[in-house]
Amino acid sequence: ACTNSDSSNNSSSSSSNSNGESSSSSENGSGEDKVTIEFWHAMSGSGQESIDEIVKGFNESQDKYQVNAEFQGSYEESLTKLRGVGGTKDAPAITQVFEVGTKYMIDSGYIEPMQSFIDKDNYDLSQLEENILNYYRVDGKLYSMPFNSSTPVMIYNKDAFKEAGLDPEKAPETFSEVIDAAAKLKTDEMYGFSMLTYGWFFEQLVATQGGLYVNEDNGRSGDATEALFNGPEGLNVFRFLDTMNKAGTFGNFGTNWDDIRSAFATGKVAMYMDSSAGVAGAINNAPFEVGVAYIPHADEVQRNGVVIGGASLWMSKGIAEEEQEAAWEFMKYLTTHEVQAKWHLDTGYFAINPKAYDEEIVKEKWAEYPQYKVTVDQLQDTIPGLATQGALISVFPESRQQIVTALEELYQGKDPQEVLDKAAEGTNRAMEIANKTKE
Amino acid sequence: MKKVELINVSKSYDKQVNVISSINVTIEPGEFFVLVGPSGCGKSTMLRMIAGLEEITEGTLKIGDRVANDLPASRRDLSMVFQNYALYPHLTVQQNITFGLDVKRMKKEEQRAKAKEVAEMLGLTEYLGRKPRELSGGQRQRVALARAIVGETPICLMDEPLSNLDAKLRAHMRSEIRRLQRKLGITMIYVTHDQVEAMTMGDRIMILHEGKIQQVGKPIDIYNYPANPFVATFIGSPPMNLAPATFDKKTNELNVANQIKVSVQTDDLELGEGQNITVGVRPEHLQPVTSNDDIKEQFEVEVTNVEILGNETVFSFQMGESEWMAKWSGQWHIEIGDQLPVKLSYDSFSIFDSASGQLMKKAVDHGHYASQSGVSP
Amino acid sequence: MTSWKRFWKRSIDGRTAILYLLPSVILFSVFVFYPMFRTIYLSFFLTDQAGNAAINVGFENYEYLMGSSEFRNSMKATVLFVLYTVPIGIILALFFALLANEKLKGIGFFRTMYSSTMGISVAASSVIWLFMFNPSIGMFNRLLGVFNLPQIQWLLDPEWALLSVSISTIWMNIGFSFLILLGGLQNIDEHLYESAKIDGAGYFYRLRRITLPMLSPTLFFIITISLINAFQTFGQIDILTKGGPSQSTNLIVYSIYREAFINYQFGTASAQAVILFIIILIVTILQFKLGERKVHYQ
Amino acid sequence: MRTSLPQKIWLYFLLIVTSAFVFFPVAYAFMISFMTGPEIIQGKFFPESFNFDNYIKVFSRLPLLNYLLNSFIVSLSVMVGQLVVCSLAAYAFVFFKFKGRDFIFFLFISTMMIPWEATMIPNVFTIRKLDWFNTYQGLTLPFFALAFGTFLLRQHFLTIPKELHEASQIAGLSRFKFFWKVVLPISKTSLVTLGAYGFLTTWNMYLWPLLITTNQSVRTVQIGLKQLQSQEIATEWGVVMAGVIVVIIPTLLLLFIGQKQLQKGLSQGALK
Amino acid sequence: MKKVELINVSKSYDKQVNVISSINVTIEPGEFFVLVGPSGCGKSTMLRMIAGLEEITEGTLKIGDRVANDLPASRRDLSMVFQNYALYPHLTVQQNITFGLDVKRMKKEEQRAKAKEVAEMLGLTEYLGRKPRELSGGQRQRVALARAIVGETPICLMDEPLSNLDAKLRAHMRSEIRRLQRKLGITMIYVTHDQVEAMTMGDRIMILHEGKIQQVGKPIDIYNYPANPFVATFIGSPPMNLAPATFDKKTNELNVANQIKVSVQTDDLELGEGQNITVGVRPEHLQPVTSNDDIKEQFEVEVTNVEILGNETVFSFQMGESEWMAKWSGQWHIEIGDQLPVKLSYDSFSIFDSASGQLMKKAVDHGHYASQSGVSP
């Protein structure tokens, strides 16, 4: 990371109705004819640093538009705020919304689908990563611009593998292989396998088996009404976890990203599932050699691959046209391979423009961290389909919570089918209410 | 200069009814009015009602010519020394004193000058910068006094303002308060337990007992002609000696407590045979017998207790069922158990009707007259 | 006419009081009562995604909650949480306040130490506690390790999670309770202690017969406030456990938050809020009815 | 009054041990703020060296001074506002007699029972209607009225000897003057407590400032702290803790100063 | 029965040094020791030091035979009436009274019985269930007194315990306290401003002035032979009259304030010519002239003020630069401006050295002896 206090200072300046310090706004105010737009994001830490630099780069690259990137809290928080201004002219031109909010945003009526500008501008979409676009494409229309995208991966402790007599270069691929490896890796100090208690990973393990999450083609051909994740694929996943848990080779490190990462870094667990964005951190913090692998799949099925996670950028409706222009220009800038290369390196998120991987700096980095490549390969190996496209439901956050509860109960020794059914039931009710109140 | 008038005023607390009952009294403008009575008789309560701190349960209070029952305390324009001082703990002595002046929009300098003046009068000059908790009890009381004086309000209420001062200072304060009150024409209502204060400061005294007025009048009149035995024993220290007596018409003698007989010399009194009466004699009227005294007027007592107060000697003896005291001027070498002859004349008797408590016969005025050439009886 | 005049005169107090209360009343109306009524209103509806009332369902939301095991579980957890945190927190704070009320050199430093937890936001302190509870690197498990005791899954074991959250909550609240109680202690007239000492009263006797009765207004206050606050605990749950594991720490306010901000179910969220409000109201009324009688005011 | 030596030793022992316990988490955060990533992950208590890298990062990443200034302005305004509004209300509840006093008081108290989370969304809309987004008044005004504060001050006002009220009435003080010149100075301990409370809670507020600010012009430090953490990407805890420490320092200072004030208000002494 | 001994005790406050300085005094077991002095002289401070409420800046305090400087108050086993009562506002009168008994683990019933007994003695029976704020000032003071009495501790400290009571009740309390103290053999240290209390209650009096002991002795001795002018004016009310005087060796006369001459009859006094002395006469020794009095011993004065106290009359006149007062027994009809002959004898003079304040000549004992047959001079 490098210092970028200037950029954040810049971006802090002018805003529609602030009464803040005028010292820097006068400096920015020099471009009266500039169209100024706001870009709301939920990236903190190093992500924000990178965004600030990118925005700075955009603002300097031309003199017609001025983008102000503003942190608005977590995804939930910024979405809550958006609800306050959505559809009005106070709304920001660009908002970053997490992947599970996609359906909500489409239904909200606050947004201008990206497709209208793509069509108007004849923008070539094919330069972007197909597997990412798929997620945000509904009925053939791209609604939002993918931005920070990640997938799950399995990270493992190569040293521990060696000690256990396993091949550190060949990670287990199927559920039963993982179960076996975990049993071998288990010591007094160390669990074999772990997974963050987080619905996203469950979705991935279902999808990679080709299983759907909800009906109506995973919600893509209509409003979903029934959860399907308690079908055989879901049960497979729960059984997989249950087996290890009962065998004592599964470590439960809760719902907190940092807890499971520190468990891995301190050698409390040998294999765990993480986001592709967390790979860099895992490598840096661990005092041993770290391996990255594809996520495991059920033995009896073929691997389908992963569903994209992360967030995308949405353009507001109801704001001035030139502001939409500006937003579109900014998004185009974002998707250039230079910018994407930088983004990928700064954050570990995928480059949505695969050309970025050909950039020299990326190659250098990959040479240093060959593990990065695994994440990209896994994405590109993904077989497009309804399952890997990801489910589209408006009550996704709630459903994820149901899964978390189900997992927690599973770890307490409850029956896999029972807890899954309960989660499905909760999801069904939520969907029912959502559908009822939609009109 | 304002009149204070209480018309049929009564007061009850939750836990005690008729702490004050049907008080009727008018305190004249510029009068120094002293209020005395036993502990708990309602003196403070009365002051507090006049001040507006206590609701008047019944009756009318007039200040000036205005009905003041509902007038808030802050608009009655009076000052008060509280029995428990009520100093502001967070303010210095100076600030405590000038507290009320501030309200009157007096200039700061003037306030300071005033405070200084009053402080000097009360010997508080060194303590102006202190907080109340750093003062002695008497000093605190003086601050309370200063606070009341400094405002020069037309009405001033003082609730035992000198109780914690030494005799010397108290004598000084007595005359200062009196002087100020006269100078400014303040209407003063003054509660005290001190006999000297009561006798010397007031234009009039009111004696209160269980919330009821016993007597109102000039101090000396009350001393000489107490309206009832209660007043008689309350004013004067040691108190007036009382004893039941019967009148023997044949011998024209009073039989006091079946112990001594005193011949009645005049006929100004209508006494029935066997009527129950109570006689009272002030201790100073029980005088030592000098050689040339009438034998008839004396009787002998056995001393049960002696107290030498320096300039006077008080001794007790038994009179029927009650203990009587005699006060002789000077220091007397009297021992407990001594048999002493004591002189007593009918003139000095106050006689009360035992049933009603009414005064039937006043003691004859014992005033002495001093002349240049000598002293007449 | 005159009686009216009299009334006018007598009611002067009330009329002036309104002036003093006005700022509070206005602000409360706008920022508390209005939203509250809106909440009550919403609790009878199913809401759409934007949070607007969509379908009037009468008491259905309430009925659903009453029948929901999740909600019952929330209630149970909340009550347990209140029982864990309030008494211990107050007793500890009182203990510290008594210690810090001694006149010793450098006592100001200790007072600052005790009150320091008040200076740290719930978010920051939760993060610190998260660290300490961490099963692999946390202080607590290391300590247990040092004494060769079995490791505890502080935040991951449903048996322990609520306790762990309670411990951290007690810590977070202690600074505040301490400060309030210390203030109360300092307002007790020194003379009373002098008088009691003369009577030969020892420390604990004075504590029982003078300090506690004279502190009763403050104690009453802090108990009321602590109860209310405990019922409304949210921040540390969000960071430490997110209501888990197995809903064991899903306190009502967290559940409300999740319903409203994550699931966008304002109807049920509002219904929960209303129920919570009623519960706290009842507890507080009880507290006022039973507690204030024992309070001694000057 | 006076304490003997063994008593003193015992007291100091208790003071040191208990306050160390209370202060431990803060000390721990302080230590972490000097650690590097791996050091933290390995769960050490003492850093290998006390270097200020993390602090430098905090200051370079965020316009922290700006945030601190905003926090100060906001916290101070809320503090003053609360003191004014609450003390006025509490005064009315204690020194005025009027019909329905207890009821209104209880109504006030009841506002404490409404979970803040339940009222937040409508309040955001209210602020938007008032066009107070990104303004100091939007950040502060909703918090001026505080049932808690009113309650706290009421409890204290109730212990003020009624003689003082009487003496002031006699002196001819108006209601307000009595409030201003007697009630407030005597209640210093509670005012300091409430002031500290108001300041610190505002200082530590996160969600509300976040919801009603959309840019950095009036944002406060807690949002800054949040910006240091990240979700999916590994958090640099050292930097976060450095931020926490930077943000705690002013509040600890304030507490220390408040203590001194409290100490001064110590046992006012009797009236007599 | 415990001794209390102060050895070189001094006390300074932050704002005032040497409030008490180098006090040396031993209070004997079972003694009734009265402490008097002007307001702010350090009486309360001294009591509080003995009680252990105030640190002793310097010197040693012994209770019994034990050095008590560092003994906590709660272990000194004494009781105290505070000047400001220090009642527990949250406890009822009954609870206030029994507070100390409870500490001593006395049985509840016994406590109740005790409280009832004491309350009866102090007239508090009706108020046992009340809180202090529902009492009158005098009632509160009596509660404070009750609390101190009920414990029957070997040492009892009382700080103006009767100041807010009326004369009658006060007289009663005086004898009750004295009786109790004797009965239980309590060592009593008693602060008062009341002359009567000081003179009648104490075995010994100590007069304190600005933190220093002026005189310690039997009340009557102090009254008759004050060690210095301060004591002379402090004890006795009205105070002793003082005036500067010179001695004329030729005529053997004292020239008092250049106004009157009094012939010196004895030679017991070594007076140098022109030596500066101060003479003192008690007001009661300025007597009215009777027809058969020696012309030489009388002089004429112009009355500047008169106060009739009921049983005595006090008037003032000018003597040089100071105001003198005479006290005559009985009520005298004296007007301001009257010229009065006053009798004065050399015997009644106390003579002090003006420079050192030392008493040089005691007034001759004026004791009277009363016998059965009459009264001798």
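When the chains are written out, they are named A, B, C, D and E in that same order, and each has its own residue count from 1.
Please note the rule applied: a contact is a pair of C-beta atoms (placed from the backbone, for glycine too) under 8 Å apart; a residue touches a chain by one contact, two chains touch by 3 or more.
In UniProt terms the chains read B, E = ABC transporter ATP-binding protein; C, D = Carbohydrate ABC transporter permease.
Small disclaimer: the values here were computed from a predicted structure and weren't measured.
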{"item": "Chains touching both chain D and chain E, listed by label", "value": "B, C"}
{"item": "Reference chain B; chain at largest CA-centroid distance", "value": "A"}
{"item": "Selected interface, C-D versus A-D, where C-beta contact pairs are more numerous", "value": "C-D"}
{"item": "Rounded Å distance between chain C and chain D, as computed from the means of their C-alpha atoms", "value": "15"}
{"item": "Chain B and chain D: spacing of chain centres that average the CA atoms, whole Å", "value": "58"}
{"item": "Distance from the mean Cα position of chain E to that of chain C, given in whole angstrom", "value": "60"}
{"item": "Approximate Å spacing (C-alpha centroids) for the pair chain A, chain C", "value": "37"}
{"item": "Shared interface positions of chain C, touching two or more other chains", "value": "51, 134, 136-137, 189, 191, 194, 197, 261, 298"}
{"item": "For chain B, residues contacting two or more additional chains", "value": "84, 137"}
{"item": "Interface hub residues of chain D, defined as touching at least two other chains", "value": "1, 40-43, 121, 161, 226, 229, 237, 268-270, 272"}
{"item": "Touch list for chain A against partner chain C, complex", "value": "76-77, 80, 83, 86, 104, 107-108, 197, 252-256, 258-259, 262-263, 266, 268, 394-395, 397-398, 401, 404-405, 408-409, 411-412, 430, 433-434, 436-439"}
{"item": "Chain A-touching residues of chain C, taken from the complex the two chains share", "value": "46-51, 54-55, 130, 134-137, 153, 155-156, 158, 241-247, 258, 261-265"}
{"item": "Residues of chain A that touch chain D when the two form their complex", "value": "1, 3-5, 8-9, 11-12, 15, 17-21, 38, 40, 43-49, 68, 70-74, 77, 80-81, 84-85, 90, 92, 150, 257-258, 261-262, 265-266, 275, 277-278, 280-282, 284-287, 310, 347-348"}
{"item": "Of all residues in chain E, those that touch chain C in their complex", "value": "48, 51-53, 72-80, 82, 84, 86-91, 99-100, 102-104, 133, 147, 151"}
{"item": "Of all residues in chain D, those that touch chain B in their complex", "value": "161, 163-164, 166-174, 177, 181-182, 185-186, 188, 268-272"}
